[in-house]
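In the two complexes that follow, subunit A is the common piece, with subunit B as its partner first and subunit C second.
Take a look at the complex of A and B:
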């Protein structure tokens, strides 16, 4: 049994490979300078360009590979290679360009590549920190379980609130009706609702118990504890949705930009050969 | 040995010449053992001899072995019953024939599990070597059978065979060292005052034993500190197994960062096999417990499984997604088949797929692991494995 994460997979095999690739590319770049200076069309530029194009295609193939469950080997190894070699790719592509940039399809492809790689870095960051926090937040509970318990608390709170004065009933009803959990992407990513009615209800209920009759006071205490419990459940459910959405959000950049990169790269290659 | 212990075959048997063998199914054999006394006696004697050879690796002469087998006592223990207690007088060496045991000591007024020992190993040699009272309590983790060789006889053998003496001595020292280290871990977590929440290997063993991992031969664990909740494990399982996933990643108890998801553990003595009318549940040579095509969908196995890992489902081939669908992660619409018969489905450890379990191989971050509890919890392999599991090598 071997436990390692995607970064230290097989004792940093792909990290080492990426470093070797970068060093080789740099060495070639330094040692062989064409008479006209470095640019994509020199033979060293073409060489690096061909390597980069193959690497881009291979990176994109990861999307297919990870869903081909019958293929041999582990997806973990592929992801580790995807991360390290993808990072090395930015260096190789930069050397391929010979630092010539402009408003054209070539630089567009370069820019798209950078967006893809940077969004990937963000993905790595989320993979490193959120899984642990998610477990701490949820324990053995599932999101469905939490939502069910919130619904139960809602029902109970509203029943008790019916026996209370109108102002308390209004607050509780409002809290139950207007609390939203993960409605809309922005709210999911933020992980909270501005002026959350549940939090406001707990805050207001704290001070509202003074003018009540003895019977109602007992009910008020019960209602209060239900609302506090409910609020913490709401908070946990929102946190969980926040982690989930953050773990997946970066892919909305990574994948579409990768497809755009494939298109731009094809255009770049055709253009280069057309104007040869 | 494997028949009695329910674990994987201890060795490989190859035909050297052309030969014809008669195979008696495991279930039939066990019925026979349970109902015919003389059959049981013969098998017990053979089992005792083989357990002596496997456990101690003795190169005893035939006579010595026969003598040993004749005087050895086969003892059965229910789950949770003590084989012996810390401080007891040493009565002999216990060779574990089937089941598994935990070794624990009282540390700081609290019982701390030090080791987990599975069938095919022995316990109780420490006091035998030193002549002192029992160092630790040994308790059956599940229903266990052990062969007891009494202390006097064992000392005789040791006196006659110096290589056994040195082997036992070496093991004694190794255990002493290991115990010392574990106790240190126990006490350091004591000092922090929150032993209940401390993720020490001892607590991990107790937790896993509580989850029934003691009777497992192969169990799926999820490292929640790595898991990105992508569900590729479940998806891979369902895509390669007729559209019904055999694991529930999201359900199952957690200890520290380790989750035991709802997934088959391929028990030593599978509860599901107990009452299968068409005898459709078998054990493959590598230990995988699987259900064949003759399942009639009666649901007995589902009810008998204490871990809820068997479900009734309609199995049908999955459409292969196109290249673009795979690249963009779009799922093809499954064909809805009306009136398909439900059959029992469970994890078969991907025995027919080259490369091994797809749930583990499909995990992009390496959070899904399949472990053999013997390797994970036993004397030799435990320490680095558990430390890695609990992430103590990090940060």
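Take a look at the complex of A and C:
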């Protein structure tokens, strides 16, 4: 277990704080039930709502805070609090709603909050899982290093293929020139190219060595081993891009939905007090 | 045999063209990647045996494709007749037919015009960064979502409020822009005008005022009969909002929950410490029916016209005397009783034989001699000796005395006394002395059976139809009609509890028995019209 990470920051300080907040909110929810059932406009509802609104603003401020070098507290501490208190916030907001949902601004704001929190959970998960897998995948290599080795393999494979029959040469040339690494968002996230020419080349080369001359057979074996090595390099490069894109992809939801949440929350508060 | 001068044009280190001359003599000149080809072209884009120059039957030299493609002016051709000045693309190479010296058949120059790109740079161009343009994408998505939400959920509803023309134009639409603000479903009663929030939310940033409610609910009665007390009570009921509003009890946007609050909180706010509202009140403090609700008071009508009332606590047994004007022992009218036919005519009487139910709340019809008594009791009184019997029908005293005057004027006094006794009218009726100036010597006391004992509460017999009558009204051993057989609070508490449920006892709130608005209606003689009286605090403008 890695020590001193965002989860056990200061001996789980913010985890404990979040648990206490959730327990307090639940206790208040249980003890002070309004006569007409729980809803956002009861005193307990207003209380939970004010706490939630302040917490949302504070969570959003993290986005500003982390871009600053000088501020109170460490960024690690802020992130730890951001994660744990954000989870507590979800519970408090749900209690604030009193479990009343409908097609309106209030439920929209709640839904946006859920998207933000769930995407945050996914982000959390990616940062727990992927960095280790990235290291396992890349070892000491960098992506450029991998590309360089693929390019060398390309060159070597093409030189050997010059001496091979046309069909083999075509396949190798096609594999070298039509292999894309992480082109398109979907390919990046999935980590592979559908009908990848490199994989096809390896697959086809196994069945194409039958009617070759003795010299060519030797070359074919060499070519095949180069292409297999090359394919594994391509795969690793794609995996690396996959991890890196997945590490950032959740922010496609987390950030825009957080902005939308701030607007929806403003509309929610204005609506509530405009038609009091 | 073809004699060919092939000029290979390459570039040197300073990127200048270098021409090298080769003379080739062969039957056919083959071009290809293969080492056995006459012109060896080591490029992966060239086929092993790409093309061949050969002499056709007419003696002309042609370039013929074998496995590769030949292009002239970007058009793929299979066979090309070679003429001077022609430029042909063999894969990435350009073959230019030049002027042939006298001792050769053809002269051609060959240049690699489309070099293979650098492998690494080429691969880099086919490798994209993770999540390209993510910042601008996130910015755009944020802006769009924020903008849409701001317009639909904030700007349009506000515009509808602040632009009267827009509001007027939208009046008849099934939904207004501000409908997206509605926090919950409407009750069925208010659904028909719920399309326009402004019907109830008449002034922005203020709570819904009572004037919005009494636009329709014009006959709502005040809670307290004394108007000045009503004003005083409900201003102190809630200090924060400056006065009690309809909406504090009637909560809209909560369907399918009931529109009216079902709890006791609001009631207890005043009745829990009633002296704070009215120091002169005789009412006790009440929090819970189970705990500190006082014993019931029964309403007795105290004057002959039944317009004056007295409310007597059930504990005051001495005063609990029903003055119905009848002598009716319940004990003799329950179970198996003899009818007029003697022992051969036995009837089983139930409560409902006389107390006939009516209406969905199962209230009771007024008792009537004709319907409820006559089936067993004779409708005529026989009076006098057996040979001169008079048959006097049941009816008004005046008619009876008139009959006596006509048929037995001599025995009038005697018969009058008989009728007065328990052998006559006095058998069932109380007899009262005649007033001064009355032409009759006595009269039958007016019959008035109390119909409404609990005038400040409502009781629904229909809700209690699973119970036996005797479980609340113990009349089996009642020998006189002066007995009052109304259940007391303790007997209610056998099945009912207070604010909280108890084992085998039903939760009963204030509203289970009492009405807020009409709590005194049954006792009030004059009608009170709440809406016309601003002093009742109902039409008062809300305070912030």
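Everything below uses one rule, namely that the second predicted complex is superposed on the first by the 270 of 276 C-alpha atoms of A that agree within 3 Å, B and C clash if a C-alpha of one lies under 4 Å from a C-alpha of the other, contacts with A are read in each partner's own complex, and residues count from 1 in each chain.
Simple rule for what comes next: contacts are C-beta pairs under 8 Å (C-beta built on N, C-alpha and C of every residue); 3 or more make two chains touch, one makes a residue touch a chain.
Computed from a prediction, not measured in an experiment: that's the story for all the values here.
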Combined model on subunit A where subunit B meets subunit C, clash or fit: fit
Touched partner set for A:244, first subunit B, second subunit C, both or neither: both
First (subunit B), second (subunit C), both or neither touched by A:30: neither
Partner chain in contact with A:100 - subunit B first, subunit C second, else both or neither: second
Subunit B versus subunit C as contact partner of A:255, first or second or both or neither: both
Touched subunit A residues, subunit B compared with subunit C: C
First, second, both or neither for A:5, with subunit B first and subunit C second: first
First, second, both or neither for A:161, with subunit B first and subunit C second: second
Which superposed partner A:186 touches (first subunit B, second subunit C, both, neither): neither
Lowest inter-chain C-alpha distance for subunit C and subunit B in the superposed arrangement, angstrom: 6
Common interface residues of subunit A - those touching subunit B in one complex and subunit C in the other: 244, 247, 255, 259
Of subunit A, residues touching subunit B in the complex: 1, 3-6, 9, 60, 63-64, 66-70, 72-76, 78-79, 126-127, 130-132, 134-135, 139-140, 142, 244, 247, 255, 259
List of subunit C residues in touch with subunit A within their complex: 33, 35, 42-45, 47-48, 67, 118-120, 122-124, 126-131, 134, 137-138, 141-142, 145-146, 149-150, 153-154, 157-158, 161, 178-185, 197, 201, 204-208, 251, 254, 257, 261-263, 265
Partner subunit A, residues of subunit B touching it in the complex: 223-229, 232, 235-236, 239-240, 250-254, 257, 321, 323, 326-329, 353-355, 358, 360-367, 369-372, 375-376, 385, 388-389
Touching residues (chain side subunit A, partner subunit C) in the complex: 35-37, 39-41, 100, 102-106, 108, 143-144, 147-148, 150-152, 154-155, 158, 161-163, 165-166, 169, 172-173, 176-177, 179-185, 188, 237, 241, 244-245, 247-249, 251-252, 255-257, 259-260, 262-264, 266-267, 270-276
